[in-house]
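The next part holds the structures, each set out as structure tokens.
Both complexes below contain chain A, partnered by chain B and then by chain C.
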Partner chain A sequence: MSLVGGITLKGIKALKVEVEVEVTGGLFSISIVGLPDAAVKEARERVRAALRSLGVPVRGRVAINLAPADVPKEGALLDLPIAIGLAEKLGSLALRKEALFLGELALDGRVRGVRGAVPAALLARDMEVPLFVASENVQEVSLVDGVEAYAVRDLQELLAFLRGEGDLERVSRTAPGELVLKADPDFADIKGQGAAKRALEIAAAGHHNVLLIGSPGSGKTMLARALQGVLPPLSDEELTEVMLVRSTVGLPFENSRNRPFRSVHHTTSAVAVCGGGTSLRPGEITLAHRGVLFLDEFTEFRRDLVESLRQPVEDGKIVVSRSTGSVTYPSRVLLVAACNPCPCGWKGDPLETCRCSQGEIERYQKKMSGPILDRIDLYVTVPRLSPRELVGLEGQQGEKSDSIRKRVCEARKVQQDRWQSWGYRCNAELPEKLIRKELVLAGEVRTFLQGIASTLKLSGRGLSRVMKVARTIADLEGAAHVAIPHVSEALAYRETGFLS
Partner chain B sequence: MKERQKALLLLNSLESLNAGFWEGCCRKGIEPAQVWEEPSVLEKMKLSSSAMDRLRDNINSRWAEREYERCISSGITILTFEDEEYPSSLSSLNSAPILIYVKGDLGDLSGSVGIVGTRKCSEYARRVTSSLAGLISRRSSAAVVSGGALGVDTAAHRGALEAGGRTIAVLGTGLDVPYPGKNKPLFRQIEDRGALVSEYILGTSPNPWRFPRRNHIIAGIANKLVVSEAPLKSGAMITARCSLELGREIWAIPGRIGETLCEGSNRLIFDGALPLVSISEFVSLLEGAGQMELALDKEVPLPREPFQELDEKVVKVLEVLRRSGDRTVDNIAMEGKMSAAEVLTCLGDLTIRGLVYPSGPGRWTCSAR
Partner chain C sequence: MSKEGEAMARHLELGSWGEDRAAEFLSLKKGWKIIERNVRLKRGEIDIVAINGKELVLVEVRTRTLGKILPPEATVGPQKMKKLIRAGEEYVIGNSWKGPWRIDLLAITLGKDGSREMEHFPDITHGEYRP
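Presenting the complex of A and B:
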């Protein structure tokens, strides 16, 4: 058995790849077998040049086998193990125990960082073998607890270490980032918009999906961005999940507990959002895992894209299946969508006049209908403030994101404790059945709710939505039971005439 | 089918004739049966050659019989202007239709209130129209009369139906052609609780030139006319002009000056129409007219705001909105010195009671009284 190991990625998991090398006499050639992609095949040039620069000449007929043979291997992350395997075969070192290597080689022997360092670290930890990574990847690897990892700057250093002649920097675990979060923009920086801010606070507390409706320039995008700042910080476990995803696609490392915020443009393809392609890459919805997925100009999105979001938003995971295989990616996101009330955007505006015909408005609003709207608990209309109103608000100091976040965290904790035995974390995740059974309302609240259900013609689903939101409002207040004012407030975030 | 009815059906199918025409024919001594039995009579009627051709086609293809069958099978009554049930108010129209197709029950039309306005109305006009129609239905026995279009027409019917009143929709298409298609369910409700009316033969498709005629019929049937919101050039203004010629009472709901949407209705006020400044006062005038069999539930006090049951904060929010509408939550919060959450709670409460409504994205206005 070869002691040299590399990895290849399948979804967000690392698979071990055993690197076997054989050198026989004959004319010089290097061949790589084991379903390598173009990047892996080209490793031979990099490996040869790198070894040469260290004074290790590669001669004869070289065969490199990447096992298991039937798993496709991709990317430049196998450069380092191939080089080590070759060096071992050529007699410049002798490995005593199994190890994983990860890195891309430069022609002069330097080692470059690659994507997939976090999954590799998790694999090395589970296999209980040492991991050698490029020093560029050290930060992300340092977040993984209990892995024996070494930072490698260049090949020479590594060879010396393996021969027992030199020393390598051992990666020490760094604690995840401080709990201090930055809110950008801060809620206090946004003038007015009390209703929208309150709705976003509720959304953050109960993990409710939100639809923001407002005229152009009313501040929908800014509000959505500010939501990130009031979400509770990532827990250790969640931070690892987020890092895992980021590392898989090769996004730069960020040691902060801020939740991801991914804004998707409406021209984005369904594959880019949901994941896929021949290499089964994760999509935007996975990059937004544990954070916010923001769809601006929601009505401009293609219908099939919106529909394909429905299942992952509900289940918190997405299965990407292609002819090359099938992987499961996490996708627990808070969906924030924003749109105009009508095609021209001025419907209901006190200053501008809307020029859309009834038919146009209907067609526009029809685009928003469909099952995805069933996943949205809060409908928030955002007013465009007139200059006079803006000036009037000048002196007002809004609440800071920090203090809102504190309330949100407490509300989340209450929910977690309450729903733990059912396996849910927050109110928004509750299935219909559980809402009916477990959200027991006091007698007067029940009669009140029945009353409004008939006067406002609420559907069954609409009713449970109101109940879920009312529960979150009560949680924010620290109330043990839902009372009438909570329900009244929840009604203000109902789908209004602007959509029905 | 009576001979007279058949003759009138045939003449009505030409779309260009009115009741006066047939009266003229009668004076000339033309008998109904002659219309299809003696071709020479058509010459005597002084019809254009294309009209005569069409009439002959219809006679030869036995169209009138088939139309009659169709009406019977789909529960439509044909009222000719000579019938007793033909609305007497409609006869006063200069160009009264020869006959009208009615689906549903017309009932008593004296004192009926026509409510007309633009299709593209503001949220404000929609709310006011629907509460006006609602209060009329609740407090008097008068029927509401309007067209079948979206916007103000739909709001009027909805308001009346929700209050359990009678409402009459005059269509510009055949009764079997619901237009706009979106109002199909509404028309079905109106059939049950009032009537659909049209002078057009079954299967007539919507065409712009037919709607002015429809407006005349509304003006004819309605005893009083309320123009809710109308630009200068609109069907509602045609109705208003026609009502004026008939000497009917015309009311208009004041709108903001400078907005084209309500230029027509405002102009009417300038020209002498009565400004409708309070829904409840308008409705009490209806009752005061006295020709009604008095409101059914006169004993029930007016739906006053149950202020005493309202929370103190809720009252404060309502007062702020009463002072001026189109307020954002921030405005209310600042004036009432409350938090946004409290304001939203109050607004939720007030919405259920129907005292406020969202008048634009993130803006609230109190309902008209």
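Presenting the complex of A and C:
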């Protein structure tokens, strides 16, 4: 068995790749087998130049096998293990135990950072073998607990270390950062909009999906951005998940407990949002995992894109299957959508008059997919403030995002403690079965909800959503049981009249 | 002899003079062991066969006078390269050489004032060749 290991990414997981090298006599040539992509094939030029720069000439006919043979390998991250395998075969070092290597080589032997360092660190930890990564990747690797990792600046340094002649910097664990959030904008900066702020607080507390409906200039986008400032900090486990995704995509490292906030433009393709492509990359919905996916101008999104969000939003994961394979990405997002009430945007506005015909409004609202709307827990109308109201509110300060966030965190904690034994973190994640079993309403509350549900013609899913939101409202209040006021507030956020 | 014949004789003369200089350079300056020179094979000719460490090196020598359109190293194109590789394979198989081997180019440029410049290009196939 070869002791030189590399990795290749499958979804957000790292798979171990064994690098086997054979050198025979003949005119110099390097061939790489084991389903390499173009970047892996080009490794031979980088590896040879890097080794030559260290005075290790590569001679003869070189065959490199990347096992397992049937898994496609991609990216320049296999440069380093190939170079080590080759150096070992050429007799310039002898490995004593198995190790994982990760890095791209420069022609002069420097080692460059690559994407996938965090999955590699997790794999190395589980395999209990040392991991050698580029200095550029050290920060992200340092957050993984219990991995024996070394920072490599250049190939020479690494070869010296493996020969036992030199020393390498051992990566020490750094504690995950804190929430470094500056609420921008702060809820206190937003004038009025008490109802919308309250709805967003509930959304943040229970991780519920929100649709903001309002005229142009009413502050939908600003409210959505302010939501980020009241979200609770990522837990340790969630932070690892977020880092894993960021590392897989190659986004710059960020040591903070801030939740991701991804704003997607309506021209974005379905593949960019859901993930895919020839080499299978995660999409925006995965980048927003454990955070907010914001779809502004929701009605302008292509229908197929919106429909494709249904299942991942509900299940918290998305399975992307292509001819090259199938992978699962996490996609536990808080979906925030914003749209106008009608094509001209002024329906229901206190000052402007709506010029849309009934047919136009119907066509506009029909653009929104029913199944997706059924997955939205909170419908929030964002009215435009009249100039008089705006001036009247001048100088008045609303509640600060910080103090709202404290309430949200407390409510989250209650939920976490309650659902921990089932493996859930917040009310919105609960599956149907658990709602039926665990969210039992008291007799009078049940009768109340039953009466309203039949009037509103709520679907089964709609009903469970109301129950989840009511539970969150009760949690925010610190109430042990869901009461009629909680349910009636939750019902107020149901879709009423918008799609009539 | 015709004028043309004289010209041909002159360039061949220059070539073999260059090969002598090259062999001197490799054995004296580089310390390589020269095994054979001007090996004529069915599929081509090898100017110098030498051993560098554990590797067999087939050297192609190109000599040119400064002022010609192309520098000597540029006169080895893909056709010549293919020919060199074929000749090399024939030599290696014929002599049962089991170790690694490569093809080097030694370019000699003569100045008008009698000065000469020698440049060594190791391993000109660069792994482009696939068996």
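Here are some notes:
We adopt the following convention: the second predicted complex is superposed on the first by the 442 of 500 C-alpha atoms of A that agree within 3 Å, B and C clash if a C-alpha of one lies under 4 Å from a C-alpha of the other, contacts with A are read in each partner's own complex, and residues count from 1 in each chain.
In this section, a residue touches a chain if its C-beta (ideal position, glycine included) is under 8 Å from a C-beta of that chain, and two chains touch if they have at least 3 such contacts.
Predicted model, so just to flag it, every value in this text is computed and none were measured.
After alignment on the shared chain A, the placement of chain B and chain C results in a side-by-side fit free of clashes.
Draw one line from the C-alpha centre of chain A to that of chain B and another to that of chain C; the angle between them is 130°, to the nearest 10. Of the two partner chains, chain B is the only one that A:L393 touches; chain C does not reach it. Legend: residue contacts after superposition of the two complexes on their common chain; A:R48 is shown touching chain C, with no touch to chain B.
Using the contact criterion defined above for the overlaid structures, shared-chain residue A:R61 touches chain C, although it does not reach chain B.
More residues of chain A are in touch with B than with the other of chain B and chain C. Of the two partner chains placed by the overlay, neither chain B nor chain C lies in contact with A:R257. After overlaying the two complexes on the shared chain, residue contacts for A:G26 are found with chain C alone; chain B is out of touch.
With chain A used as the common frame, the shortest Cα distance separating chain B from chain C works out to 69 Å.
Touching chain C in their complex are the following residues of chain A: 23, 25-31, 44, 48, 59-61. Chain C contributes residues 54-55, 85, 88-89, 92, 97-103, 123, 125-127, 129-131 to its touches with chain A in the complex. Chain B contributes residues 119-120, 123, 150-151, 182, 259-261, 326, 328-331, 333-334, 339-341, 343-349, 351-352, 357-363 to its touches with chain A in the complex.
Partner chain B is touched in their complex by these residues of chain A: 192-198, 213-215, 218, 341, 347-350, 353, 357-358, 362, 380-385, 389, 392-393, 396, 451-452, 455-456, 473, 485-493, 496-498.
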